[in-house]
Amino acid sequence: MLVNIARRLAAMLAVMFIVATMVFFLTRLAPGDPASLMLGDQATAADVAQLRKTFGLDQPLIVQYVLWLKEVASGNLGQSIFLQRPVLQAIGERAEPTFFLALFSILIAAVIGIPAGIASAVWRGRHADQVASGLAMLAASIPSFWLGLLFMQFFAVRLGWFPVAGYGDPGAGLVQRLYHLVLPATVLGIVNSALITRFTRASMLDVLSEDYVRTARAKGLPEHRIILRHALGNTLVPIITVVGLTAALLIGGAIITETVFGLPGIGNLVVSAVLRRDYPVIQGALIVIAGIYVIINFAIDVIYTLVDPRVKT
Amino acid sequence: MTLPAPLLDIENLEVTFRTEENSVTPVRGVSLRVDAGRTTALVGESGSGKSVTSLAVMGLLPRPAGSISAGAIRFRMKSGETSNLASLAPDVMQRLRGSEIAMIFQEPMTSLNPVLTVGEQIAEQVRYHTGMNASAAMRRAEEMLGLVEIPDAVRRATEYPHQMSGGMRQRVMIALAMSCNPRLLIADEPTTALDVTIQAQILALIDRLRKEHEMGVLFITHNLGVVAEVADDVTVMYAGEVVESADVRTLFRNPRHPYTQALINCLPARALPGADGRRVVRSIPGAVASAAGVSGCKFAPRCAHTLAACHVSHPALETIDGGQTIRCCRWRDL
Amino acid sequence: MSDPKLVQIRGLTKHFGKAPALVHAVDDVSFDIARGEVVGLVGESGSGKSTIGRLILRALDLTAGTVEFHGREIGKLSQREIRPFRRRMQMVFQDPFASLNPRLRIKDIIGEALDAHGLAQGAARERRIGELLEIVGLQADHAARFPHEFSGGQRQRVGIARALAVEPDLIVADEPVSALDVSVQAQVLNLLQDLRQRFGMAMLFISHDLDVIELMCDRIVVLYLGRVMEAGPADVVSRHPRHPYTKALLAASPRPDPDARHTRDLLKGDIPSPLSPPSGCVFRTRCPLADAACAKAVPMMRNAGPDHYFACIHATETTSPEHVR
Amino acid sequence: MDFTALRLFLKRLFKRKLVLFAAIVLALVVILAIAAPWVAPFSPTGMKVSQRLRPPSMVNWFGTDEFGRDILSRVIYGGRASLGIGMAVVLASMIAGTTLGLLAGYFRALDNIIMRIVDAMMSLPDILLAIFLVAVLGASAGNVVLALTIVYTPRVTRVVRGSTLVVRELPFVEAAHVLGVSTWRILSVHILLNVASPILVQATFIFAYAVLAEAGLSFLGTGVPPEIPTWGTMIATGQQYADQAVWLVLFPGLAIVFSALSLQLVGDGLRDMLDPKLRKAL
């Protein structure tokens, strides 16, 4: 089992290394020299050259890469060009709305998606299945920003039930702040429930066709017990996996929803960094977000190893 | 001669599967009986309908597509009363499964739930049918594992299926089946997936339990060697119908139906000496699929004794001397 | 040896995986196949019978040992060097459904064999495909069909036609009838017998069914956990088995005769895992004759008569022990 | 292709009425986009300031935008760009992903390296990776295609690799190997033909995702330049008028929903009729 965990850990580091490498070299493909970007249009050639030297940009690319990798490995993601502070700090300041948004929307998605998926697998081909599968497909076809705009128009502008946008005034209490998340989390929850519904349905169908479910029927157990204990027991782990990974992807994937609702989260930070060509922030955000995904993935693997008797021994 | 009422008496069973476009009848005209304390082997090749028949008895036909469209399945319960399983309400049928009728399957590797210990899986059934408390049910589970000759049963009860071999898992399945003292055990190809030396152990085990518990066994198999080993009575199916039934000695010594004769003759062990010293097996031409859409005798397209009448009229299942039944219009002259 | 052997394998060994999950699939197996001879490999799961077939065909790489084909050592040839030999030896598979590509027509499945070795083109190719189909009891106009249009037995015939296309000297038949219904089994067994007589190729016939093996084979090799237990002429081994495992296997095989029912001496316990085979004689954990000596060393092959050998130190009626060849 | 096979294929595919309906909707949307110059009632760029922000009417079925342009015409033209980009992304990512997936699934040595890169790319949310790539490459329709291709290739790779791992173990592949068939032919005939169905299904889903992602990028202002009417840019520029003229965002959004929904329904129909053995690998 320890060997397994060690192997996972190595794979996790490899993934992070590849992400970092990809991010570094792709950024260098970008048009425009980082130094001149930093100094703006008025800078003289001499100023630019000076800055290039300070940042080591005059060194060969591979040397820069190694130096940068070292920095990243030691947890230093660099300075933001525009925000005048370390990238990590900038991300930290924006973490709260993103974290809560991801949390609430995945909860909503799971609460809708898991029961819907189970129901549509159990009543496969019947009306319940057609309705649940159809709604899931519809939800997966709706652009989140469009649904967000419509919800905003209806529930916030017309009905005035929720704040239109933002994350409350500075100094607003936690409840006030969370109140601003109701609409965006609902939108994101609906859109993501589609994936969870389909995945739950598919894994449930797989398990329901297993021989041991037939054995459970031959034992004379009531149908609800067969579904809850024998079938669900065997689909729980994959469902938890997909919920966990979706949550991880929402940390960076909520960009559009954050933009629609003007939430000062990580996604918003990334979009403004892209528009301002603030490359250190983009690089840093990508690495942090990939890191969160990889860590959650690893955690799920470890839990899986602990829970499933077939992996344990 | 008055025979005691059979434990299981299937009469003219017909099973239909309906899908949106069409309906098929994989089983029709199936009649067979299983007596208490005896083993009836149900023999047939793939597509003969033997497994569908067993699922119909268990009330486990895939829903909503499959249903019993005609016939009766009379079963004598522990209480002594007989009920027709074909017309029982689903919740009543559910309570009979596992307690009155138990079933074991072909694939021991996949028939047990991988995330529950084998003890839990047996205890679950015991608790559900007897209302025993958890610890008593677990003790019963351990006792059952001992009954099926699993060494170190108390420890084994805490193991998961993947920690056991195929033969061991089939023993667990048998322990599970026996845990509520069923009157009837349906064994659907229980040794097909096992090695011969393990198969011999499992066959001996089932036979011992049948004797000790006065239990009826419906043993479904395609293997005539196994039939000769375990059966008291044999029912042969072809293309969804029963074509012949007899006690095991009569069937092997004096098979009356051309299909039964051919099936026994095409065994490698019954090969005949051919030219140049080699032995040749006698084969049946064609495949089972050739029975599709046949209006007369289903076996006529492959039969060596076909008359014109065989293609036209569908023979009925007739009872001849000694309780042997046969579905062939030429049985008198063959 | 006077007659030149078609295949000679010596010390054939195959391990899968790495420690601690090292599977001893085949361990130190030696036997010969003469030209035109049918040798049966019989054993239960984990005996390594299928692996041996694949090692001879070089569908798998050897861990140790040698395979001589027509007197030429082919055990260490690279996949490129082995290609010309693929014309001389072919395989028939167990599963008639999975062994034919469902997306190809029959003529492309058989034609591929011809193309791979440049045996026939154009009209000659088409003619040859039709001829092959007729040889295996199908019709030439079946060539345009897809596999799903055939029954299991017919597909198995197509698989045999594919193997025959290159006119091999050796066919490895890996459980060729065990996925078929009894009535269809007989057809395929008879077909294989006819073809063997007609074309005179040798066959390595792999099966778990002793009746089938006895019917089809000239000689039998009995395997258990990757090792040879007993080898000899088919009728001798099945009538006068010497090794306790062969005896147990014969006793456990159900006979289609209700009068021959008897209480048997059942082998106790399970087949050990090939991950950790017992020391010494691999059969000793289930053997009625086993004692402490059996754990010490792998038993030598003993001669029990003309061309009849077995590996047991206890079985009685011994003649003088000696190595196989 | 012989027609009986095609007819059987279509008959099985359209057994579910909903799938047939979705295919018809999809065909209509595609035809409208291709025939835009002939079917659009107005020019997509013809401004009429006097007619700005008109609600839907008999003349302008979907209303007009802030410059008085006909929204129906713009939605029809927008389909050209949105569907065109989606199609290009599908083709490119299918080719790249299939190649990589076959290589990873068949050659053990390549598997590790290809799959680690795939893992790395899939550890980033689609939209984030796309934004980053467009930012690096520069905003243009071609670069949006390139970026989305890079985003979706790993998904295809994973599916194709999974199916390849299943198919390569099937006896007909071993049979071909034993016959002496070349590795190239084994890959391109035996394996590719048998992983084609899951690839086809995946293609329809990726088409839908690509249309959605393009719209998202355009909406954020990090995609296609706003001058080009796509469904995404229309919603992006329309959003500031959403409180007075909701039709500016409603209709382009509905166009996206209908296209994506019918694509996914067709994909689902394809999956339903797939070979059940390959279905698990999907």
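The letters A, B, C and D name the chains in turn, as written, and every chain counts its residues from 1.
Assume a residue touches a chain if its C-beta (ideal position, glycine included) is under 8 Å from a C-beta of that chain, and two chains touch if they have at least 3 such contacts.
Keep in mind the model is a prediction, meaning the values are calculated, not measured.
**Q** Report which of C-D and A-D is connected by more C-beta pairs in contact.
**A** Spelling it out, more C-beta pairs touch across A-D than across the other pair.
**Q** Distance between subunit A and subunit B based on Cα centroids, please, to the nearest Å.
**A** Computed value for the inter-centroid distance: 53 Å.
**Q** Just curious, how far off is subunit D from subunit A if you go by their C-alpha centres, in Å?
**A** About 22 Å separates the centre of subunit A from that of subunit D.
**Q** Could you list the positions in subunit C whose residues touch two or more of the other chains?
**A** In subunit C, no residue touches two or more other chains.
**Q** List, in ascending order, every residue of subunit D touching at least 2 other chains.
**A** Subunit D, residues with two or more chain partners: not present.
**Q** Are the chains arranged, by touching, as a line, ring, star, complete graph, or other?
**A** Per interface graph, the chains form a ring.
**Q** Can you list every touching chain pair?
**A** Result of the pairwise touch check is A-B, A-D, B-C, C-D.
**Q** Would you mind writing out the residues of subunit A in touch with subunit B in their complex?
**A** Per the touch definition, subunit A meets subunit B at residues 210-212, 214-222, 225, 229-230, 233-234, 308-310, 313.
**Q** Please give the residue numbers of subunit B that touch subunit C in the complex, ascending.
**A** 45-46, 165, 167-168, 195-201, 203-204, 222-229, 231, 248-249, 252, 262-264, 266-271, 276, 278-285, 287-289, 302
**Q** Please give the residue numbers of subunit D that touch subunit A in the complex, ascending.
**A** Subunit D residues touching subunit A: 18, 116-117, 119-121, 123-129, 131-133, 135-138, 208, 212, 215-216, 219-222, 232, 235, 239, 242-243, 246, 249-250, 253, 256-258, 260-261, 264-265, 268, 280.
**Q** Name, in rising order, each residue of subunit C that touches subunit B in their complex.
**A** 44-45, 151-154, 181-187, 189-190, 193, 197, 208-212, 214-215, 248-249, 251-261, 264, 266-267, 270-271, 286
**Q** Taking the touch rule as given, give the residues of subunit C at its contact with subunit D in the complex, in rising order.
**A** Interface residues on the subunit C side: 57, 59, 83, 86-87, 90-91, 93-95, 98-104, 112-113, 116-117, 159, 162, 166.
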